[in-house]
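Once you scroll down, you'll see the structures, which are given as structure tokens.
What follows is subunit A paired twice: with subunit B in the first complex and subunit C in the second.
Entry: the complex of A and B
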């Protein structure tokens, strides 16, 4: 066991919560039954680390085995870190018939051709996802297992989710991915979030959606209990209308959790009260960022409670429709461009 | 501009009507449910988000004996909405038929100036200012009880009392040093 492996093991034990440690080690399967039974999980993390270190020495486990353990933990907890999305473009004719063994072989082969010092692990998760762990080294140093990049790809879909991507790995990874999945190009899908399952659901449309129609939907059944006859709402109709508008924009089922939405505005400044700024020739550049624990849900409740103006602007409602949360708004695009937004948390 | 008039309609028999105005429409529902529990008089509660009230309800709306503006101190919008709504009331209401109720005043994210602004507003209009706790059922019942006391006086159910006393005796007063910086 060299220093790097020790450091990696220490970090791993520190990161995995104690109640999950036993299950994770069981799944790893590198310890014998006796060794697993000898572990006392009521001990402190430090004592556990020392114990594990000695067991690993005994079994002659190496860095790659520990990387495996880390990968198991990452697959069990997909909602950590920031995930970025890429979209594969222009599939070739045989793109639909790519299967796991072929993909594995091709991907590893293409990556190792490009860079010698690299460690790649590919595993298939239970829900059809292919998880790839890449540890990158420079031409003179060993692969850095402390900061691996994780790539998640669902075979036969054009989406790839990446965590911890370095600028050095990005061109190599996109090349290997396009070749291995039989596509011709890759681009950023402008969607990011902490919750992998949510951004996957958003892109693959696996949530309850609404489809824009020009016809009014039939009035929904009032699911509220019958109010006391002495309580009456003055503006009940308006409130129902607002709820209807919010429903039209965001649906009323569970929404995927997003943490932020970013709008880069590059438009002319428009404000009738501020002549100096409005008359300027050049565009006004600014960034509008919405952030929340559950952004779509809070946008919906803003619209239905009347904090945001009633027909939701296409800018906000296009987050679920287009499946992206990074927008660049310029004057040429149709639709409202520089409106005042209320920020909320 | 149609304004709400305190004396345009006849009062109902043994009936008091209260109008709860809250821009967030969050606390008013639970408060209304607590208010109608009252048995000694029939309490009618009307809920509104802001003024002006829709004209088509003018016929069905009873004579409003008390207008309560609920202001959530954590939101600037709530205060602005209440302030903007005030001009839709006839001056007669300010003779003891308007009161302000502040929620979330204990929240740490509230700037102190906002509470001062609400107090100034209430004091300038000679209206009572109540504080309510909206998070607990206990707080809601308490708030409803205090409102009922004012409502009964405003609707004229308390012998030898008129709403005019309310505006004189229970109005919010400003501490004289409100404009001076505090040293704590």
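Entry: the complex of A and C
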């Protein structure tokens, strides 16, 4: 085994938690039953690495096999790293009939046409997702297996999720993807997050959706001691209204987990108390980033507790509605009365 | 009248309790000291001079040690019988103290420990604003890494400073003769060294240390003071971090373009603004709150979310950054004085009387 393989193995063992290591190795299937039984998982990571190194030498395993192991770990743990989303545009007539073998062959063929030094692995996950691992090299160096790019695509859908994309690979990947999926183009979908399942659910509308209705849902009953009926009535009414508004914007059920939302604001500064700024020609440029371990849940909590005024602004409610978390906001029309916002890419 | 000396003694007897008691929000609305005679200002000054570009009286080498690093802040009660002329001897004592602390718990005497720490205390000449301010003291600890070779040079492992810039003259003059007031302490480096240095100062100069948080009002002041520097040094942007008490907690980072922040700041200034380069250019609290209010209202207009519901945690520009946890970074040497003046004031508000 060469140094790169050793380094990759070392990093892998370090990254995979000990309790998961056994299952991952079993899945890999490159070790014999005896070899697997001989592994003592109570040992330190360092000792395990040494043991695995000697076993890999014995089995004459190469870098490609280790890349497989890495891919297995990545597929088992999709909620790591930052995933970015792309959307395929203008499907051809036969886009709906693309199946895995054809896609695999086409994708590899198009990509290898564009680049020589590259290692591509494609696997289908149990949930129908096609996982692609790309290790890229330059014209003078071998593929870098230490920093692979991962691409996840569900066939017959327009969405592609990418992790660790380099600027060099981006145009090549876009081209190979559009050709292999029989589409005309691809664009950024302005959605990113650490939790792959969540951003997938958000884009593919696989979570409990809210349908705008003009009828109020019946207010939930709460067991709270009534202290003063009048106060209770008035306050309760306001609170119920806030909750209703919050649910209208973000629904009642579980929400997909997003970590952040970014708004590039390039709008006029309007404040009745500040004439100088209101009369200023230029726009007021700022960037606002909301972050939380569970952003939509936080925003719903803001709305129902009254920190965010009702009704929830379309800027915030369009995160789940439009399935994106990056917005550029400019004024609709230059004029003092316009309150609307236009979002652009 | 109780002297600060007495206060320090009282505090040392029950440390944890008195730390909490000596804590006083800079707004000082609910102070247990409300009835004691006013030795210090009860609240932050409502008006302060705009940051003048730095005068050249401070040694640039010394100044370079203060900028571009992040410091953890503490307040210190006045030092008893501290002499700026004895710094050499203090350096030796502190080095010996560190070694002794290290030696504790070791069964055998480790001879290598003896020369393993080099401590230097020095005066940062000129880092003062008024004649009542004591000169700033810089503390540097050099050491070799644990498994270093013999010939490897010692590296700086810890540094800190004690300063007083523009301290309230009323308070400084009220101190008994043998006390030196250097209320602001900044440190960077391993926590255990900070602990050892603090405990040496406590033993030697009969003083007390406590953590210095930078509260909401002071952070607002920094936002305004640093934006005000834009005419002299480019601030790049004005970035504020708010936390909103939602469940789970929400963080909002609000970054404003430098030119827009500057224009907005000028629009809320009351008096004659840019034209005034003279001493008279003072900033009022009203202008500071007006500035923040305008930023919040712009935010509200878009997101219908009131930032006042949250707390300001952090303010940063290319001139400096301040965190509510008491961390400060001064990135531009020209505006060190203005930053330290505000922080000295915050530290003095924590002094037990």
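Going forward, the second predicted complex is superposed on the first by the 311 of 345 C-alpha atoms of A that agree within 3 Å, B and C clash if a C-alpha of one lies under 4 Å from a C-alpha of the other, contacts with A are read in each partner's own complex, and residues count from 1 in each chain.
Here, a contact is a pair of C-beta atoms (placed from the backbone, for glycine too) under 8 Å apart; a residue touches a chain by one contact, two chains touch by 3 or more.
This structure is a prediction, so every number in the text was calculated from the model and none was measured.
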{"item": "Partner chain(s) touched by A:280 [first = subunit B, second = subunit C, both, neither]", "value": "second"}
{"item": "Touched partner set for A:201, first subunit B, second subunit C, both or neither", "value": "neither"}
{"item": "First (subunit B), second (subunit C), both or neither touched by A:301", "value": "second"}
{"item": "Touching partner for A:238 - first (subunit B), second (subunit C), both, neither", "value": "first"}
{"item": "Partner with the higher number of touched subunit A residues, subunit C or subunit B", "value": "C"}
{"item": "Set of subunit A residues, in rising order, touched by both subunit B and subunit C", "value": "305, 307"}
{"item": "In the complex with subunit B, residue positions of subunit A that touch it", "value": "228, 230-235, 237-239, 305-307"}
{"item": "Residue ranges of subunit B in contact with subunit A within the complex", "value": "19, 23-26, 32-33, 36, 42-49, 53-54, 57, 60-61, 77"}
{"item": "Contacting residues of subunit C [partner subunit A, same complex]", "value": "244-257, 260, 263-264, 266-268, 294, 297-299, 301-306, 309-310"}
{"item": "For the subunit A and subunit C complex, residues of the former touching the latter", "value": "263, 265, 267, 269-271, 273-274, 276-277, 280, 282, 284-295, 297-299, 301-302, 305, 307-309, 312-313, 315-316, 329, 341"}
